[in-house]
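Read through the structures below before going on.
There are two complexes below, and they share subunit A, which is joined by subunit B in the first and by subunit C in the second.
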Partner chain A sequence: MSVMGTRVVRIEDHKLITSGGSYVDDLREPELTGAVHAMFVRSPIAHARIGSIDVSAAREAPGVVGVFTADDLDIAFAPGPTGEPWLARDRVRYVGEPVALVLTEHPYQLADVAELVDIDYDPLDAVIDLDDALSGRTLLFDGTDSNVAGGKAKPFDEKLFDDCEVVVTRTITNQRVAPAPLEVRGAACAWGEDGRLTMWLSTQNAQIARDILAGGLGVDPGTVRVIAPDVGGGFGAKIGADPEAVVLGWASRRVGRPVRWFETRSENLTAMTHGRGQRHTVTIGGRRDGTVLAYRLEVVQDAGAYPRAGAGMLPGFTRLMAPGVYRIPRVEVATRSVLTNTTPIAAYRGAGRPEATAAIERAMDLFAAEIGMDPAEVRRINFIRPEEFPYTTPSGASYDTGEYAKALDAVLSAGGYAELRAEQARRREAGDVVVLGLGIAAYVEITAGDGMGESGRVDVNPDGTVTAYTGSSPHGQGLHTSLAMLLSDQFGVPMDKITIRHGDTDEVPKAVGTFASRSLQLGGSVLKQAGDQVIERAKEIAANLLEASPDDVELNVDQGAWQVRGAPSGGTVTWAQVAAAAGEDGLSADVWYGDVQPTFPFGAHLAVVEVDTLTGKAVLRRIIAVDDAGPVVNPVTFQGQRHGGLAQGVAQALLEEMSYDADGNPTTATLADYPFITATELPDFELVDMATPTTRNPLGVKGIGEAATIGSTPAVQNAVVDALAHLGVRHIEMPATPQRVWQAINDAREGR
Partner chain B sequence: MIPVGFSYRRASTVDEAVGLLGEYGDEGKLLAGGHSLLPLMKLRLAAPEVLVDIAPLADLRYVRTDGDTVAIGALSRYHDLHHDEVLRQHAPLLAHVAGAIGDPQVRHRGTIGGSLAHADAAADLPAALLASDGVLVAQGPGGRREIPAGEFFLDPFTTALQPDELLVEIRVPGQDGVGWAFEKFTRRSIDWAIVGVAVLGQSVGLINMAGTPIRATRVEEALAGGANPAEAAELAAEGTSPPDEPHASAAYRQHLARVLTGRALERAAGRVPAGL
Partner chain C sequence: MKVTIEVNGRSTVEEVEDRTLLVHYLRDTLGLTATNVGCDTTSCGACTVLLDGESVKSCTVLAAQADGHRVTTVEGLTGEGGELHPVQRAFSNQHGLQCGFCTPGMIMASVSILAENPKPTRQEVREALEGNLCRCTGYHNIVSAVMEASGQEVDG
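Up next, the complex of A and B:
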């Protein structure tokens, strides 16, 4: 019986639970013996010129091995007027920007020495507000005439809404949030006697990190080895390597000793990239019968202080996915990214797609409210229909497969939508203080949208075990389990005879890694192709051993052995025998999967909230979700991704916001102030299964890593608004804090 | 998250702790559960030169009745208080409040004495003690003295304790048969209260509505004058000066104080006495 689709317990967990895994800070590698410890001195000011830096007192402090500033760095930083320096030079642009590096013998000495680095800041006006940033009154970079880092304001097509009976427009904030992985950023590195740098880095992509390090340090990529040990979450914010890693590699070379670094939680909240941070102006128009005819989305992306993924990639995905699951004849999207004196924005679970979904799903509800139609009905009227796939949207996405109406009907049926609406009406009529809100979101997203490839290699060892090397870089997802299941199914080898290796650039020199929900569809597909090649070669060897023609030989997957077709009593040869007979080169295939076609997972979420109309507190009572990402390899890890996605999505709707005061001081820089979600704020998740395969990879699978995040955020936001719709509330910004909800109720009652 | 360097002394008796406090004066700081002090030190917002660890003083960990009074050892942990049968029977408000603080990890470390001596206006137990008409027993070089809860909280993070005094016991009148309720308004269960209300009979303590925990005296006067709970609750924000912050303005907190006080009074009136 095939193991595929069965609930296999994660093979990663025994180690992670019983021995704590081996994260960067746990490493006791001999190469790191005698390592010095590192801490970055970070700017406490959002925008300032650096007058002078006096490191003399710090250099004389006990235990100091080195204190370095930008002036010490003899490596070039990114060219161009808005290039991000490795350490701030002349000017700081956000609170948390690294300005100096301190190295000490013992970790407890670091903070004391860091306080001795005397930096003279000459404050400049902080650019925090997006309109202020767009105005260009204060420029972040000399030699530029604008803070706009990407995109432009397109002239409005005045005829876009000409034939619409109803047009609704509203400006909506998709707030900045912190990725806040359980394991903060960390690195340890050492230069060997062979002149090579080895860096253990908490990263989602060892190979990209290697190239960044080599580029930054001005050395050949072959000189650098990056190893990703166990990594405690990344959510997109650990893609590649941050500037800190380059400085650490440089410092290790400079002082001639290994260096270890991990950041504090407060550093993580201010100096690791943030996510989201978009302002949307949505305009939606159509007919009173529910047909949407036109949709316009203007995006202003807060890029933070330096143009990273927030400058282009994020708003690019928002643009691409703007029309969502609907066949809207006319769609217009304009995006601009603007620099502000805040932490740079980059990928965070969904990276541009949650923003697109939030905008269109709020717009659909606004449209529904305006024409007085149930939001579920408006969606049904406008869904792209199953027979229309593949479907190319006006924004240029080519959707593979979808069953959007089926997904919505499934969650409405599972949730008891009609009964819930009746309960809502009953409470309203009774004048209950605690009212009920139902929120719907239907979504489609793009996974593996990066278009880059992935590597995979499969070795059958002479003892019959299998070792697979994947370019994917799991960091909590349980991908080792899923990949081992694929190979077990393909080879008929038990899972405990299969080893999955990843994350060491010497073992896997060419790879892309894990982001964009790409790992199973690319990392899994390439291992399947490598497995196919190994099986083809094995067939010839087995045929030789069985003294039969290759055409007459088959792999018996139930037994994990080769036999002559139709003559099972004629003897078998094992994988060990085949591998042993494979000769000097062994039995192996190494494949690059370059024909990457993105896939488009979809789903529908129904959120049920209760809102206390006196206090304004919204509590999520139920969330019912379809997240269709095609065939499921392992329901355990699949559900795990949905659970985590739901939690983070709900968190954005109700709780989380990384905020700054007008001077650019972060006001949520500790976990006492930044309210990540916990189990007590979440109900049991009601997961409804659907599996619509894609045609765009050999496994038929789509990505699941981000999907549930994308659906849940607008579902919950819509639910909070829906709870108060009878009072005249049409919109509440995220996070829907109690004060904000209370204010919305007050405003509605006072007719504001 | 590494504190400024400090010396560490471990006291094995109350007298030794008092002696160490006398020796170090303002430079010394008592360490009990460490769940307020240590985070402040790690953030370098506090930098005591000497920590006097009183965690070993197991004889300050008790709940017992003393006539009509319930006596609580200052080092009793929240978790133990929440599950203490004597406290649940005779002072159920405090037992309940102790179980609503933070998360299980916090409740297994934090102590009632630590919370009261830290005197954070956003903490739960100080307001509950105010509403309970509690008395705090301090021990100094000259012996013990009793401080009524109403005279204990002077300013934000400032109490009537002298630098060489150790809080050793908390005493509250038995609450048998008195209605009580606790309303704590948070965004997440583990958060500090945005506003909280502790009601015992006709006593009302407010959390986070001023620089110190306070009694809602106007509400209490109205109740004494015969007002019903809803009418009295309308006065809950009188004389308060809550924090004004972006996520919770002063006006919003005052509104919450009225709503929560109304709910707490109603619940207290309707609650079957002497049970959780």
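Up next, the complex of A and C:
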């Protein structure tokens, strides 16, 4: 019987709940014996020239093995005027930027020694505000004439809204947030006697990390082995390797000893990349009957101090996904990303798509409010219809499949939309202090949109067990279980006889890894193809053993054995027998899946909030979600991904923001200050199932990792605004903190 | 200084620096690495262990303060024959863990919650877990796990 689509408890769990995962700081590998401990000395100032660095006192301190600055590094850093140095050389550009590296014998000595590194900073004006950054009044980089790192302010078509009866425009902030995986960044490394570097790194992509390390250190990629041990969450912020990893590899070579590094949470909040950080100006126009005719989105992306993914990739995805689930005839998008003296911005769960959805979903509500139509109705009128797929948007995306209206109707009926609207009206009429708000978001997103491939290899071992090597690099998603389910189904081998391996570049030399919700659709599809090849080959061997023609033998997946077709009593051969007869090369297939076609998961969320009009506090009471990513391999982990996504999306709407003062000092740099969402701020999640397959990969699946994050943020934001709509409130910025909400109520009452 | 701490039913006697935190005593001195460190402000609960049966954040307790006391970590929950504690089993059954980094602390906090309130409501579980952060699960399934371990209907 097929295990596909059944609830399978994760094979990953046992170790994690008994002895705990093996995260980088847990490793006690023999190669790391005698390791020195590392800490980066980081800039406390947002923008300054470095006058001088005096490391003499630090070098004399007890337990010190080394203190290094940019002057010691004999490796080249990224070229170009805006290249990011491994360690800051003559200028620092954000609070948290690494300036020096300290190595000590004992971890408790690190902070003491770091204190002794005497750095003389000559402060410059900090560029924090986006308009200030765009003005170019203060430039971050010498040799440039602007802080713009990508894109341009397009001349817009002045006639775009000419035939519209109603046009609404507004500027909206999609604030900067911290990915904050519970495990911070960490690495441990050692150079072997064979001259190779082995680095255990908390990463989503061991192979990309290897190439970054090799490039940075100026060595051949074959000289570097990266191993991703258990990773305590990544959410996009652990893609590849950060500059720190290169410095650690260099330092280990320099001092001739293994090095280990595990940053503090405060470092993590300022020095690991942040996500989001866009300013949107939306303009939406259409007819009073609810038809939207034109949409314009102008994006200013805060890239932070150095151009990483925030410079191009993030706004690129925002542009691509700008029109969302709607058939809008005319769409214009312009994006610019601009450098500021803040932590660099890169991927965070959704990476550019949540921003696109937040903008269009807020715009739809603004349009609905302007024409006095229910937001659900406006959406229904404008949805792309099921028969229109594949659908190419004006922004250039080719959507595969979608049932947008069905998804919306499903959440509205599961949530009891009509009853909720009645309750809302009742409370308003009664003048209740605590009002009710309903927020809708309909979304579509792109997964595996990177266009890169993935690797997979399947071995049938002589004892009949199966070992699969995946290029994907799960870190909490439960992919080992999903992949083992797929192979169990394909081979008829029980799951406990299947081992999934990942994350060691010596075992899996070529791979891309995990981001962009790509792993099941690419990592799973390639294993399926490898499995098919193995089965093809096995068929011939089995035919030989059964003394039959290959055309006459078949795999009986219920028994995990080969037999002559239609004659099960005529004897069978096991996988072990087939593998044993496979000869020298064994029974194995190694496949590269290069034909990557992105898929477009979609869904609808309905959020129900209560807002206390006296205090401004908004509380999420319910969230009802459809997240359709096609057929589900394991509902357990599929739901888990949705839950996690919902929580992070709600967090952005209501709570979380990484903020800076005007001088560029982060004001939310510890977990005591950063409002990381907790169990008390979330309700139980109400999930509604839908599964619309895609034709774009052999499994028919789309990605689920980011989907729920994308829908929930605007649903909750829209709900908060909706709660106060009767007072005339049209918009509240995120996060909808009590202060903001109270201010909006007050402004509305005073007619502002 | 010398400390004597009973850890998971075993007496341990070690020489440590005065400033050694309990979490580092467990991880580095004893090699019990399940207990994790997720912050530097006593905010995340990844380091939660039981001290004389009550949950504490071991990043905020000195090994010296645990001298003469009893500590239980997730490694000590599993029975002699490897049988899982009901809370461990429930975390797996209910998919109350993803990356697993918060999990040892979450499990220990949950054991302590149930010792104090054997039949909590879902809302009570949420409130009791406020000091334990998880970035992956959205907490829903963690609450379900505690409900299952309490022998109640998961949906409350």
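Observations on the model:
By definition in this document, the second predicted complex is superposed on the first by the 752 of 752 C-alpha atoms of A that agree within 3 Å, B and C clash if a C-alpha of one lies under 4 Å from a C-alpha of the other, contacts with A are read in each partner's own complex, and residues count from 1 in each chain.
To be clear about the criterion, contacts are C-beta pairs under 8 Å (C-beta built on N, C-alpha and C of every residue); 3 or more make two chains touch, one makes a residue touch a chain.
Here the structure is a predicted model, which means the values were calculated and not measured.
In the superposed model, A:737 makes contact with subunit B only, not with subunit C.
Looking at the shared chain after the overlay, A:110 reaches subunit B, while subunit C stays out of its contact range. By the touch criterion defined above, A:680 lies against subunit B and subunit C together after alignment on the C-alpha atoms of chain A.
Shared-chain residue A:6: touches no atom of subunit B or subunit C. Legend: residue contacts after superposition of the two complexes on their common chain; A:670 is shown touching both subunit B and subunit C. Touch criterion met: A:184 reaches subunit C, while subunit B stays clear of it. Between subunit B and subunit C, C contacts the larger number of subunit A residues.
In the superposition on chain A, contact is made by A:266 with both subunit B and subunit C.
Touch criterion met: A:639 reaches subunit C, while subunit B stays clear of it. When the shared chain is aligned, no partner comes close enough to touch A:392: not subunit B, not subunit C.
The interface of subunit A with subunit B overlaps its interface with subunit C at residues 107-108, 264-266, 670, 672, 678, 680. Of all the residues in subunit C, the ones that touch subunit A in their complex are 17, 19, 24, 27, 31, 33-44, 46, 74-75, 77-78, 84, 88, 91-93, 95, 97-104, 107, 122, 125-127, 129-130, 132-143, 155.
Contact residues on subunit A toward subunit B in their complex (touch as defined above): 107-108, 110-112, 264-266, 614-615, 617, 655, 659, 667, 670, 672, 675, 677-678, 680-681, 737-739, 742-743.
Contact residues of subunit B toward subunit A in the complex are 1-2, 4-5, 39, 43-44, 185, 187-192, 194, 246-249, 252, 255-256, 259-260.
On the side of subunit A, the complex with subunit C involves touching residues 9-10, 12-14, 16-23, 25-26, 28, 107-108, 180-184, 230-233, 235, 262, 264-266, 475-478, 636-637, 639-640, 643-648, 670-672, 676, 678-680, 682, 684-685.
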